[in-house]
Amino acid sequence: MPGLPFWPPTASGYASQINVLFGALLIVGALTAGLVFFLMLFFANKYRHGSNADRSGTTKKTWRFEVSWTAATLLIFVGLAVWGADIYLHLYNPPANAVQIFVVGKQWMWKAQHPGGQREINALHVPVGQPIRLVLASQDVIHSFFIPALRIKQDVVPGRYETMWFRADKVGRYHLFCAEYCGTDHAHMGGWITVMEPRDFGRWLQAQGGQETLAAQGKDLFRRYGCSGCHEAGGTVRAPRLEGVFGSPVPLSDGSVVIADERYVRDSILDPKAQVAAGYAPVMPTFAGQIGEDDLAKLVAYVESIGPEQARR
Amino acid sequence: MNAPHQPSYLSATVGIRSWLLTTDHKRIALLYFAGITFFFFIGGIAATLIRLELITPGPTLGSPDFYNRLFTMHGIIMVWFFLIPSIPTTMGNFILPMMIGARDLAFPRLNLASWYLYMAGGLITLAALVLGGLDTGWTFYEPYSTFYATGYLILGVFGIFVSGFSSILTGLNFIVTVHKLRAPGMTWYRLPVFVWSTYATSLILVLATPVLAMTLLMLLAERVLHVGIFSPQLGGDPILFQHMFWFYSHPAVYIMILPSMGVISEVVPVFARKPLFGYTFVVWCSIAIAAIGFLVWGHHMFVAGQALYASLAFSFLSYLVAVPSAIKVFNWVATLHEGWIRFDAPMLYAFGFIGLFTIGGLTGLFLAALAVDVHVTDTYFVVAHFHYIMVGGAVMGFFAGLHYWWPKMTGRLYPDYWARFAAILAFFGFNLTFFPQFILGYLGMPRRYQSYPPEFQVWHVLSSAGASILAAGYALPLFYFAWSILRGPRAPANPWGATGLEWSTRSPPPPENFVETPTVVRAPYQYVQGEPRMQAGDV
Amino acid sequence: MSAATIWRCWAALMLLLAATTASAFVPLGSFNIVVSLAIAIIKALIVLLVFMELRASKGLVRAFAAAGFFWLLIMIVLTGADYWHRTDARAPIDRFES
Amino acid sequence: MSERAIGFQYATIAQQREASTLGMWAFLATEVLFFGALIAAYLNYRIWFGEEFIAAASLTKVALGTANTAVLLTSSACMAMAVTTFDAGSKRAPIMWLAATAALGLLFVAIKATEWWLEYQEQLVPALNFDLARHGGVAEIFFIFYFCATGLHALHLLIGIGIVTWLAVGIGRGRIEPAGSTTRLVGLYWHFVDIVWIFLFPLIYLAGRTT
């Protein structure tokens, strides 16, 4: 970027909202600081030791002025805070049609995994204008997925999933950083986010080679981990059939009903005794610690692919 | 009033034992002063090396690991061995008992023990840093600091753990002293504001530091015994560590800034020859900062995976804690109205403090807005914010107090011209160093990066240039203060014509501070038409 | 405080101890911890007010005594605010051999 | 410090006594927060882990825990008796009560040690021989808190026993006088250690007893 960079690239509608909010804060802050600097310098000059300014104390500074001035600045700033909070909440509920990309942070690289099974290291190719829902996890320490151009950042804490979404509106290449200190190559753990026209993105996807989709890989994992032994027809143990389950309500043994979204599927794999389907014995063993993060994503995608038609994304 | 040849606290007893085993709060203050200066310059060297490293986008001075150990050393030394002890243990120890008309602190031996704990902790951590340092940053985030960090983490953390008890005991000493040892007539509303803010700081020292002690203990237990309290690999929750760490560390930043606010509330009325505007407002704002400071730590964790509702609550509480600071700034500026303002060195540092602290405080409000914080947290915007408060605020306040009470502490005057030049030099060097970092922050330059994209280099070079000027601004006082001790002219009891009790005794003061305990008849800062109305029996 | 009050308080403490232990075996669900903590607070108050003579002390001493517990309450409530509302999506993490 | 000499910075003995009492209460406030941080972490994990964490608590020995609480409460009463009898001017009675306090303290530590030994047998000690397969990771975290909390408490208790014996010897030799506040301060410390146990007991021993 030629010249002196004062302002980061603005690559999404959300980012421009942040620009406006930051601008507003900047103006209010500058006005307040300006008032303090001006008053200080004005008094310092007018009432300096030798000057014969009028010091008769006529303009009595009452505390009423002080309280009102403080209350006014507080109200303005709290107004900006409410605006900030509103945008913040917006960041945490993605639209329904968001494409889901799994991102795993590992010491000193980001591994991204598209629904079609394509994998990328320290890079992310996304189509312009398409809402992208990131599901972030870490395999070792705390990292932080940070794209300055989109003004988004989310710490990835090992042992938990964090979600964040964005919709890039401008084609281009933008920085990707790791923002939480994670060791020797913390500074090298980043790369580029490439926002492409949908056509180019399609071509790029094909160019990634015919890896089968996430769901296809999930299917053979379903067999390899022995899930099919119980959950498919003719299984040895009485276990709920998974066809047509994804996205629909599932009655639980404690009488409550839960929607079988990917969180329910994931939790049931990791902690099956927590929410047992109604009418079944809690016999399923836990797979926590045995199924890695990437395989779990594939299993979830597979269960989703055999769900009812309208639930499939 | 002062006997012809009565010895001062410096000449009353002689010899190394008289210093190392002293229980005189004034001598202990000077012992702390030696420790503080030593650690300030070690931290300063680390800071200069960091700025040199960041001149070029790629590695300049050494490997990334070297840089990680460098900023960790800068953070740990500056936070725990300079900023937190700086004003309370030096000026607080020396001036507070004199301001309330006491002969010494409530527990003098405990005061000496605190110094030994501080030095022991300091040397243990310094040993860890010299042997190879640790590369976790001063925040020791989990699970990196327990299972992935190389380096002398156990030794370094144990040093901080030991120095924490020095903070607790100093705070405890001050609280009991202010409650129990005030001179007759010294009611709470006649206390100078420096006593109030040191009292508020002591409340935080006593109530926050134990939580740090327990957090560091659990960190050590996890790393040594390999048990999973915080790290998810063994079932723990790393965000719990962040909660407990910041429960201490945010009040700790108020430990660092409150004493400086007290110093400024002392300096501004004296050099404006006018009573402090809104004394009760300023006093209760110090206590309010200490109290509300405990409710806001979550704003360090907006993107750390904290629950949404908790983030919302902490965001609004963070705006509340800004109100008392705003009131104090307003009162300092209002004190200047219709004053007789003199621009001695302490006053220049005070002006620098008010300006830079205002900018630091306001950028804090940027960070408290949730959506903006998502973008700028963990970037150089945060680095600039807390350096504006710590270096622009706390260190400027430390130098203001140093220049203000230097004649009282050493009985010598210093060259005013050089002191004013150092103040201005530090002000401009500071701004050139840290204002570009605000711009870097919003551009998205992350913290703790040794190599960065080339387009940020312009701002880093500007910042490094500013750092060299700032270093000069901080080194200059070393010279003229040394000259002042060796050949500076004798200081009178009240060189600035101030109204505090500490100015009503000789400088340097006798061992028991006052020939006979003064009685207080008037509130502080009583200047009528610019002339101070002194307490009974003042010099 | 006279010897009689001391032993009367001691008896009260013993009774409360028996009560809290007994109440632990009564299935009250999540209410169990509330009962046991309430009894613990009562026992602590007895020790504070009688044995540590807070009842006979000046307001300042009582304030010092209350300050520690009040600040602890701040920590518990505000960290609780986070843990209570945390929507947890546990992810698999390979375990170290501890 | 012997009671007779008033610190040179104090005007009257009453001022010195009030100052040292305030100092002790401020110190106890730091201890409340020191243990409090651990208890806050326990409560948060209890919310976060839920049932499994509470179930792990049922592995502790509630009988020994209750007995220990009774022992410590009685020792607190003995300490209070020591303070009152000392104020009343007698010399033999406070020493006897202080001896009782120290003895009960040692009894507490003995019961605690046996409890730890039993837990060691059942392979419940994290970092030594915690049987992960049988008890699970969440139980291990519970027992980390259990050993941290009871270990720190026992350490404070041992320090307390040391101070109580030093006090009893001091009174015996006449170095400690009723005018001063040393006995009262030691009493405050002892009662504080008792209060910590009053809160630790339900959190560790009484959780998860109804399943």
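As written, the chains take the letters A, B, C and D, and residue 1 is the first residue of each chain.
Keep in mind that, in the parts below, a residue touches a chain if its C-beta (ideal position, glycine included) is under 8 Å from a C-beta of that chain, and two chains touch if they have at least 3 such contacts.
Predicted model only: the values in this text are computed from it and were never measured.
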- What chains, if any, are shared contacts of chain C and chain D? B
- Comparison of A-C and A-B (more C-beta pairs in contact): A-B
- Would you identify the chain whose C-alpha centroid lies closest to the centroid of all protein C-alpha atoms displayed? B
- Using C-alpha centroids, which chain lies at the maximum separation from chain A? D
- Task: Return the distance between the CA-based centres of chain B and chain C, expressed in whole Å.
- Result: 36
- Item | Centroid distance [mean C-alpha coordinates] between chain C and chain A, Å | 39
- Query: What whole-number Å value describes the gap between the mean CA coordinates of chain A and chain D?
  - Reply: 46
- Note on the structure: chain C touches at least 2 other chains through residues 60, 67-68, 71, 75, 79, 83-84, 86, 88, 93-95, 98
- In chain B, what residues contact two or more other chains? 179, 207, 211, 226-228, 231-235, 237, 239-240, 243-244, 247, 308
- What are the residue numbers in chain D that touch two or more other chains? 22, 26, 29-31, 33, 36-37, 40, 44, 48, 126-127, 137, 140
- Task: Give every touching pair of chains, nothing left out.
- Result: A-B, A-C, B-C, B-D, C-D
- Interface with chain C, chain A side, in the complex: residues 137, 139, 158-161, 163, 263, 266-267, 270-271, 287-293, 296
- Spell out the part of chain A that touches chain B in their complex, as residue ranges. 1, 4-8, 17-18, 21-22, 25-26, 29, 32-33, 36-37, 39-40, 43-44, 47-49, 53-55, 57, 59, 61, 63, 66, 69-70, 73-74, 77-78, 80-81, 83-89, 91-92, 107, 140-142, 144, 146, 148-149, 151-155, 157-160, 162, 175, 177-188
- Query: Can you list the chain C residues touching chain D in their complex?
  - Reply: 1-3, 6-7, 9-10, 13-14, 17, 20-21, 23-29, 32-33, 36-37, 39-40, 43-44, 47-48, 50-53, 57, 60-61, 64-65, 67-69, 71-72, 75-76, 79-80, 83-84, 86, 88, 95, 98
- Note on the structure: In the complex, chain C touches chain B at residues 60, 67-68, 71, 74-75, 78-79, 81-87, 93-96, 98
- Note on the structure: The answer for chain C against chain A in the complex is residues 88-95
